[in-house]
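Okay, so subunit A shows up in both of these, paired with subunit B first and subunit C after.
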Partner chain A sequence: MSGARGTNRAQGKPHRNLVRSYEQDLRLFGSPMSKVGLGLMLATLLVLPTVVRDDFWLSVLIYSGITAIGAIGLNLLTGYCGQISLGHAFFIGAGAYAAAVVGGDLGLPLPVWLLASAAIGAVLGGLIGPFALRLRGHYLAIVTLGLIFIGEHLWRNLRDVTGGNNGTSVGAEATVGPVDLGALELAGENYSRNQGYFWLVWALVAIIALLAKNLVRTRPGRALRAVRDHDQAAEVIGVRAGRYKIGAFVVSSAIAAMAGALFGSYQQHVSPDDWTLLLSIQYIAIIIVGGLGTIFGAILGAIFVGALPALIDEYSSAIPGVATEAGGDGFISVFALNQAIFGLLIVLFLVFEPRGLAGIWFRVKAYFKAWPFSY
Partner chain B sequence: MTEPLLDVWDLTLRFGGVTALNGVSFTVGRGELFAVIGPNGAGKTSIFNCLNGVYRPQRGTITLAGQRVNGRSPATIAGMGVARTFQNLGLFEQLTLIENLMLGRHHLMRTGMLAGMAWWGRAKREEVDHRAACEEIVELLELEPYRRIPAGLLPYGVAKRAELGRALAMSPTLLLLDEPVAGMNVEETEDMARYLVEVRRELDLAMILVEHDTRLVMDLADRVLALDFGTPIAMGTPEEVQHDPKVVEAYLGGAA
Partner chain C sequence: MTTFLTNVFAGLALGSTYALVALGFVVIYKSTGVINFAQGGLLALGAYLGYTFADNLAIAFAVSILLACAAAAIVGASVERLVLRRMVGQPPFAVIMITIGLLFVIEPLITAIWGFDNLPLANPWNIQTVEVGGLVLGVRDLWTIGITAAVVVAFFLFFRYTRMGLAMRATAFDPEAALAQGISARRVYATSWAIAAALAALAGITLAAGPGGLSPSISFIALAAFPAMILGGLDSPAGAVLGGVIIGLAEALTRGYQDQLFSWAGANVSLIVPYLLMIVILLIRPYGLLGTKDVRRI
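Now for the complex of A and B:
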């Protein structure tokens, strides 16, 4: 395994999958196949909005991307560090209002309002984090549940910032210098707001996924997982569990706040009804369906849970027994059907595939790696 | 005589009305293999829990290389060079074996959350350097086939060895082994004994061994401390302790 060991010239180059140094062993996209996969993924993200020009589907994908960012944040906290939080919606809301102030009222550009909301999320996460030192499991879930209600009270009453019950418009524009992603013009071609936001959001998904992946595969990430698996043993081998629990809250809330900022900027109007307990539960469902403790799973889960209601919506007229309009024929409304399928999925995944969509993906990958042998 | 590495003086630990340790004193020299024996509930594991800061003794002092140990947090004590294995396995089950070993080096590494996210630069350099250090332990303990297997899926004997490996990855000056061969068959026990001898020869460290397998203790230990109900009843070379009437009585009851 040592890197100094030379290859035998007479036999030509070593096999492309042979690892000859630790540095090589640690590459994220080491094998040729994964490089091809990465290339395909990036190409898809670049080309997709020019192929799918339909505003409805683009907006579904944009919301999925924003949700993916938030889900990566929650997965760091819950999937990797084992801290169950029902308060994710609170940090997402805080991020949206931060963007409304910094990007809208102050009129600062995209990088500034995005980082400002991340900073506010980090500070709020740092304030809540210490609760995790004394509480774990269900007790922590209850405390973070309280956060949702405190948040709701704040959002409804801090009218100067949040606009109270009616909500506030978010004027944070997606501008970087002279480039406005809301009305992109490249080489004489005009792109719609949805196309611009698709590229912005999914580029951020890729960046944040990469940062999160790096975090979890290095020293701090191992420490997070050690705390999740066995926090006393972690202390005994020198991991300061408390520090990592708080750190997980800080990073997770910062990412959640960025997702909120993007949500606000894209939707242009947010109200307290956007950050209810339901949103937190939806995020927990996403990381369960996608796969706890995987970055990729958070993204898969977000696409799945984001796209499913849209699919049902789109094809509800073809499903028998579904009432597509109020008072129409059928015994179940589109909304109720969505909720029912959603609940059913959580149950099915928990029972049959606890590793989520990512687990299915790993199994398929392992099958093809070993093909034609079954092990 | 040079100063001992570890000096434990008058250690007393109580849980409510129960006295788990009562005036335990001993010293461990550099490079020495010191064993603690005693019947179930004698307080052997409690000594370990005091040594690495999990329990706070009510009385007594623990000094490691001139520095006071008791009163500090487990993570600080780990940084001072005290490593430990657990009686019922303390591996992180969902992490691979190599990740478990890398966690042993946690206190020797510096990468924080932001540096880890950035990867390029220090994080990457540290990962490579410490991976190389872990591989030496993989080689020493012959764990090569298991590198990428989650610790929870390792066979029991291998898991025990992996835990020893994680403790060694910490580059400790004092290694605490809590029943390293508990639940093992004769062959696995012999393997573990062989690794312990090898570790002693290769790495210059002191060890404290808590073990029920008296043959292993008698074969490996330089000195032995016998406890009964938290009270020291004998200390000396394995032969002396083995034939001490109080030790025989503690193990076999009054009639012997």
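Now for the complex of A and C:
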């Protein structure tokens, strides 16, 4: 009876965390525990909006989710492929305006406007991508910085599409066939617009995170990292560096445009002031704080950094020295405080914890994995 | 013809300001290999310090300029000492982001101290003009061009004939070899940040003495000076001046002929002309007009 077990023990059955073959290394879920963890996370997302019904907290979480989508896109480009882009806000804006046209003016349903804006983003990314072939590092950073200003000029002047300085309303409704996520009715129960959008946004976060994870754990992901570490060396070992650089731009801006479309649809009104350099910097802060080159980190960072502005806005009256309205008391405005906090977060994380929140998480995990033996 | 010459003159004045800022970028890039996004913040800080010295403390304008430059230099060197020195040897992405982070810390600090209002900087140039052969030239613009020319000459003399200049060139060329020769890389780094910050303060004050006055948005000029630096080549001081003048001329001429030639491109198209010009030139010459092509090894 104890034979099978006994021999196993005698041969030394490997620990479940030991990776012995390439297939094992490629697994989406490294250990059974991660499957359980993911299941718990999904269950939380399903149940959360029925527990937290407060509109403020739901909207904070919805914005965090939208930001997480955009951050996954930027992390693919910057964290995995190593191409610095300060122009992420440009693609997000383009996605929002695409949603306004396809979803609002043409009145098409959710899947259509979401995919249409992704397509627009991909095309724009494909146009910008080739610059990365000629330019690298600093030069590329400044060119993508120029993209923000050129984009802002376009948004302010293409009045037919963008409504100029005043912005345009985005009539893209979250409808799939007969189901309207803006006013969900399920088994006789009515759900608010915020609850519907929460499920929509976070379901999309899960899908895009899964797609991105699949991308980075297979050949394209290894190629991207090879390009990041040394593009010429990557060419030598058979990676088409140029193709992957452009590909990274295409995928990253398509994801960014989807985030923009969701942002526009949820907020219902967008203006050129939404897509300034500050937004790009916010996204960079997110992937740095979350952890460069991890999908998980992008989501973590988005929740942490993306929720900050809303929280500061909500509790600004309780923070000493913050002026809640223009001309009010206090020496620093809410906007300026947000900006300063982004700046500080970037500096502090890069100096003290370059691997970001994900790095802290991995350290904690490694500690318990080897517990009680620390190293 | 007069309109054209007036525009060219305005372009030269604007280009001089760009050149000053771009020189600051180049000094830091050449010795430390970092693009300093915080230059705009240092520029605004210098201009506001100049305002404090000239208006609040009622010090003579020329002295205020020198004091502001010195104060900005100290701030620049301290930033290098406290933050950037920890980043030596880190990948360029991380260092660029650090300087962006610094910019986003400095800007709110300035508004917290001096407020958002537009402040008038007391200066002897004001809106005086001189007339030369039918051309009306602003005194401030003349001074800006003159100061820039003087700074450029001083710059080249400094790098060519002083020990520190030689040390900076050596460190830029090969930090390890320079260290082996007994050159203190720390002093070189700190000095280059101090010089860059002083240049930024100078640019800030000449700009704030202009019609725009002094407001927090003055730091945006540094973003507009990026194309100038990139256009000329990241590591070339001569390129920075050349790029500054080209960008300044292009911007001023587009603005001057906005109604006749560029009305189709929308209002304020002159603001994005620097970036468009930069992108076109970079596609032809990826290392700018005078930049060195970096040799890459595997």
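To be clear about the criterion, the second predicted complex is superposed on the first by the 318 of 375 C-alpha atoms of A that agree within 3 Å, B and C clash if a C-alpha of one lies under 4 Å from a C-alpha of the other, contacts with A are read in each partner's own complex, and residues count from 1 in each chain.
Throughout what follows, contacts are C-beta pairs under 8 Å (C-beta built on N, C-alpha and C of every residue); 3 or more make two chains touch, one makes a residue touch a chain.
None of the values given here were measured: they were computed from a predicted structure.
By the document's definition of touching, neither partner reaches A:189: not subunit B, not subunit C. When the two structures are aligned on the shared chain, A:22 is found in touch with subunit B, with no touch to subunit C. Within the superposed three-chain model, A:145 lies in touch with subunit C and out of touch with subunit B [touch as defined at top]. In the superposition on chain A, A:212 makes contact with subunit B only, not with subunit C.
Contact with subunit C, but none with subunit B, is seen for A:156 once the two complexes are overlaid on the shared chain. In the superposition on chain A, A:135 makes contact with subunit C only, while subunit B stays out of contact range.
Between subunit B and subunit C, it is C that contacts the larger number of residues in subunit A. Looking at the shared chain after the overlay, A:229 reaches subunit B, while subunit C stays out of its contact range. Shared interface residues of subunit A, touching subunit B in one complex and subunit C in the other, are 230, 232-233, 236. Residues 52, 54, 73-75, 78-79, 83-84, 86, 90-95, 99, 102-104, 106-107, 109-113, 115-119, 123-124, 126-128, 131-132, 135, 166-167, 170 of subunit B touch subunit A in their complex. Taken together, the subunit C residues at the contact with subunit A in this complex read 29, 35, 83, 86-87, 90, 92-94, 96-98, 100-105, 107-109, 111-113, 116, 223, 226-227, 230, 234, 265-269, 271-272, 275-276, 278-279, 282-283, 286-287, 296, 298. Taken in their complex, subunit A has these residues touching subunit C: 78, 82, 84, 131, 134-135, 137-139, 141-143, 145-146, 149-150, 153, 156-157, 230, 232-233, 236, 277, 281, 284-285, 288, 331-333, 336-337, 339-340, 342-347, 350-351, 354. Contact residues on subunit A toward subunit B in their complex (touch as defined above): 1, 21-23, 25-26, 211-212, 214-215, 218-223, 225-226, 228-230, 232-241, 247, 251, 293.
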